[in-house]
Amino acid sequence: MRYTAFTSYDIVLLAQGLGVSLALFLATTIIGLLLGSLWAIIRFYRVPVLMQIVTVFAELLKNSPVLVQLFLVFFGLPAFARLNVTPVEAAVITLSGNTAAFVYVIAVSAIESIGRDQIEAARVSGLSRWQVLRHIIAPQAMAFAIGPLTGLLVNQLQVTSLISVIGVVDLTKIGNILNLRTLKPFIVWAIVGGLYYVMAKLVAFGGATLEKRLRAHTAWKGL
Amino acid sequence: MISVRGVRKAFGTATVLDGIDLDVHSGEVVSILGSSGSGKSTLIRCMNGLEKLDGGRITIDDFDVSRPKELAEARKRSATVFQLFNLYPHMTAVQNIALAPVEVLKIPRKQAEADARALLDSVGLSARADAFPAQLSGGQRQRVGICRALAMKPRYLLLDEITSALDPEMTSDVLAILAKLARDGTTMVFVTHEIEFARTISSRIVFLDKGQLVVDLPTAEFFAADGGMAKPRIAQFLSKMRKD
Amino acid sequence: MISVRGVRKAFGTATVLDGIDLDVHSGEVVSILGSSGSGKSTLIRCMNGLEKLDGGRITIDDFDVSRPKELAEARKRSATVFQLFNLYPHMTAVQNIALAPVEVLKIPRKQAEADARALLDSVGLSARADAFPAQLSGGQRQRVGICRALAMKPRYLLLDEITSALDPEMTSDVLAILAKLARDGTTMVFVTHEIEFARTISSRIVFLDKGQLVVDLPTAEFFAADGGMAKPRIAQFLSKMRKD
Amino acid sequence: GKLDDIRAQGTVRIGVSLGGEPIGFRDDKNNPVGYDVDVATMLAAKLGVPVEFTDVSGDARVSMLVSGQLDIVVANTSATLERAKTVNFSIPYNRAGLRVIVQKDAGIAKLEDLAGKKVVVGRGTTGESFLKKSVPTAELIYTDNFSPDGVLLLQQKRVDAAIEDSSLLDYLATKNDTLVTLPGLYSNDPIGIAVAKGDPEFVRWLDMFVSDYIQSGAYDANYKKWWGEKSNPPALTPLW
Amino acid sequence: MTFDLTILAPHIPFLVKGAVLTAEACVLALAGSLCIGTIVAALVTSASPVLSRIAYIYVDLFRNIPFIVQLFFFFYGLPEIGIYVNAFATGVIALSIAGGAFTSDVIRSGILSIDPGILEAAEVSGLSKPTIFRKIVMPIALRTSVRPLGSVFINLILTSSILSTITLNELTGSAKIVASDTFRPFEIYAVLLVAYASLTYLVSLAIGALHRYLNRDQTEAA
């Protein structure tokens, strides 16, 4: 009765799961990065009211479990707001918001890591706040942020696995399915873990390359 | 014209500027002398709107630097060279200099960078134009800082101890450049410790002591035995000058 | 004794020090003059082991600074004041000064902090002892940097343009302190742009030009018309000095 | 009503549990198969629309009904009074009993022997509440999915016993010679089709469907298909 | 759909027990990952190629493999080679190791943004490398990285909910049980949200205070 052998169909299934995870990760990362940066900019400009809202909202998002947020969006929106959301929509909404909240925190501390003296020099030469942000702060903040950001994205990549509970068939869910069928957890999780590892490596590699470029001006000699 | 009226500035409980009045008319070169910690840098920082005043008013060409809108105008007309250079570490010398001209004055990048190179050349730095600040010697950084201010072709130049890291050769080169700018009508406010320098270049000298402006005299009068020198505080200050 | 033998140092393709030989005997005070970018700071950085030599050898009291073990010994005997101060931004003035005595010399913290306050007092900074670097004026930071080096009671002092941010009053105070240390036998290597300063304090003057040591003479000879002044490069350099 | 909604939306979204054979699992092509899957397929056929399966586990199956993410759940759901407060059940289309599986060398011969032993239960299953009541001193070890987590714990001898549906455990015992099942069946739970509250007519239609399923002989055939020709399908009473 | 929290009243003690377990695991894991993270960051930025290589491999491995896979490996995998560790210890160790990888990354970033001149000043004053690291590098690095560190810690707390999969009835595990007892998932989720938010908010507050303390020189006069 039990089909414990691995078949070629499993590869198709893994590929599908990988595709779903990857697509979801990319979509939520892009939205999250944009949204999180936007929030940080709002804070940088000290836009009244909006800034407070953003702070509270980001606090809320990053301080609660993604799983719970996911449930609230997926079950809550239809039940309380009469808005029907598909599992994929719910996943995109939740994960984007969550990523954005953490991006916001990183962006804020990166902005703060830049010496006040430089900002002063730039302001005095007549650069507007926006120009200071773009030419002085952003490039250096990026160099600072790229480390934590890579860490965050790698983490978010794994967080995408939570969405299987609302029926999105992502890579982790595929792992579960195969594990259940074959009862060979080590092979299955080694393969699934390996795939996540490869995806994460790509993210980390991108981060490291970017960081090297952004830190061209300082040579860290090591301690 | 730069007008400073009754300016007060305190950090916490320490009053650093205590009712400063000072007018700098167009074309004038005014030197600010005073001992370390007397508030010279702070006064400069107030003039370009980096510190919030705790009292009084500063205008540049009638633009009040306490008002954000007017401050932007004031800053377009003035440029500052900082005591500690404050270069952008992620940009090369040329990029440091060209940034504001491109962004604020909307000069095409090509042009701005060519101008920057010309400026660097005039202070003997053409060979280091593409180095990052961390790769420059102290004096080289200071020269980049000076070029960065000059690139804005400002009407008003605020200079905070710009010769501190310069050797005598370089100092005289930079002075020559500034003297030429002064002849062309650029108004300058100098903070300096080099009294001879002040004597050579400035038309007026003011003396700060513990946040108060105790002397404000034309250069000749300041150094006259019956002028500034008559004040004991200044006589004491000047007497400590190396006798050379 | 500090011995520099055939030292070469290049950044990329640019040779910054090109075969330097220099001996500084115990009790001597040697000034290094030279134009901006001539390699003065780099030479100091080589002496305290911050730059890897591309050639040659430097020893302090016979400890080779290229060997990690010996470098530690060399550093215990020497102290450096930096051109750009390099204060620890997260520590107050007192903490900046007391750190190394506590950690390296194992002086009890209480004692070390009391010593630090005494030092600060001697440079007129007792009121700012508990301020962070960001809250200090340029000259104040420089004085903290000087105190930090003195707190180690070093046999060898390496000083890179320590007076650049000091006003004349302060300069003469600091000089007095250093002169006393020199009398007590501290060996010093100065980098300076102030020729008069060099003339007053140093027993020997060396002149760097484009990474080469072109002159090494006792002070009196250096300034003698038939000594250093006879060399055109130096005459040119000195002639640019402000005539005062 | 719901019937019209389903026809209007063109497919029926049915939640099934693919957590263990023969109720629901995946074949070598990873397609859902099993007893429940067959029931759901028949149900969709009677509705006249194609089916869209979602693999649901644990408490999500109830939540997804309530929030309207699923139309129907055919997921081996025991029809308890507690659950009936939240969702509606059809008449039973199957029955299941709780069984206990133990390590051969653990010295457990009857239910009472579980006292003080480590027993695997699924969070929120009927097995959990049964054991809490009948052997309060047993040490419960919670997993979200009996398979594979509970199975691994048993295989690694880190627990003494487990309580689950007989269908799963009987199969497991035949595969592991260190494990045996206790003879008793500790319940006879009705398994019902669950739907959201608020549409009695739809429940009535489902009752008719199950009655038809039983009477037409489809039940017998389906049961024997999955539990073997020699098995005895539990007696089910049609309403209609 | 009604929303009635009073239903949960009888289950509160049970949930509190779960929350306490979560808190215990998290406090231990936070301390663990801070220790590991600091040491690893020191190794990564050290001048020794061997040490930094080793540290790099550690970070690489534990940051890039999903936590749940690591956890399963520790809990279900190690027994296969004869290593039995109980669920709680497994959870704390796994969290510390994974958290340590993320922590070290953040600290490394902070270290790299320190002005090299400051380190040179420390070096020439004869301070030993460990002292420089303790007294200069770490305090300055922490100044800039407290906030991202806060995020990592918060993430760690939230990640601890995965421990429910290795039989621990921490907050999430208990909530799942209560949810299936009461069939009131919304109320449970709401409680869960508040519970985790409170736990993490405590961390946020502490981080905020620490941030202000470490950056006190940036504000105007003391």
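Order of writing sets the labels: A, B, C, D and E. Residues in every chain begin at 1.
Rule of thumb we're sticking to: contacts are C-beta pairs under 8 Å (C-beta built on N, C-alpha and C of every residue); 3 or more make two chains touch, one makes a residue touch a chain.
In UniProt terms the chains read B, C = Polar amino acid transport system ATP-binding protein.
Quick caveat: nothing in here was measured; it's all calculated off a predicted structure.
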| item | value |
| --- | --- |
| Chain hops separating chain E from chain C, counting only touching neighbours | 1 |
| Top-ranked pair of chains - ranking by C-beta pairs in contact | A-E |
| Chain whose average C-alpha position is farthest from chain E's own | B |
| Chain C and chain D: spacing of chain centres that average the CA atoms, whole Å | 83 |
| Cα-centroid distance, chain A relative to chain D, in whole angstrom | 37 |
| Euclidean distance of C-alpha centroids - chain D vs chain E, Å | 38 |
| Where chain B and chain C are represented by their mean Cα positions, the distance between them in whole Å | 28 |
| Numbers and ranges of chain C residues touching at least 2 other chains | 84, 134-135 |
| For chain D, residues that touch 2 or more chains besides their own | 63, 66, 152 |
| Overlap residues in chain A, where contacts from two or more other chains coincide | 71, 75-76, 79, 116, 143, 185, 218-219 |
| Chain E contact footprint on chain D (complex, rising order) | 58-59, 62-63, 66, 82-83, 85-86, 123-125, 128-129, 141-144, 149, 152-153, 156, 158 |
| Chain E residues within the chain D interface of the complex | 1, 76, 79-80, 84, 164-165, 167, 169, 173, 176-177, 179-181, 183, 185 |
| Sites on chain C touched by chain B in the complex | 11, 33-37, 40-42, 83-84, 124, 128, 135, 137-140, 143, 160-161, 164-172, 193-197, 200, 236-238, 240-242, 244 |
| Chain B-facing residues of chain A, complex | 115, 117-118, 120-128, 131, 135-136, 139-140, 143, 214, 216-219 |
| Residues on chain A engaged by chain D in the complex (per definition of touch) | 1-3, 5, 7, 9-10, 13, 71, 74-76, 78-79, 84, 87, 165-167, 169, 173, 176-181, 183, 185 |
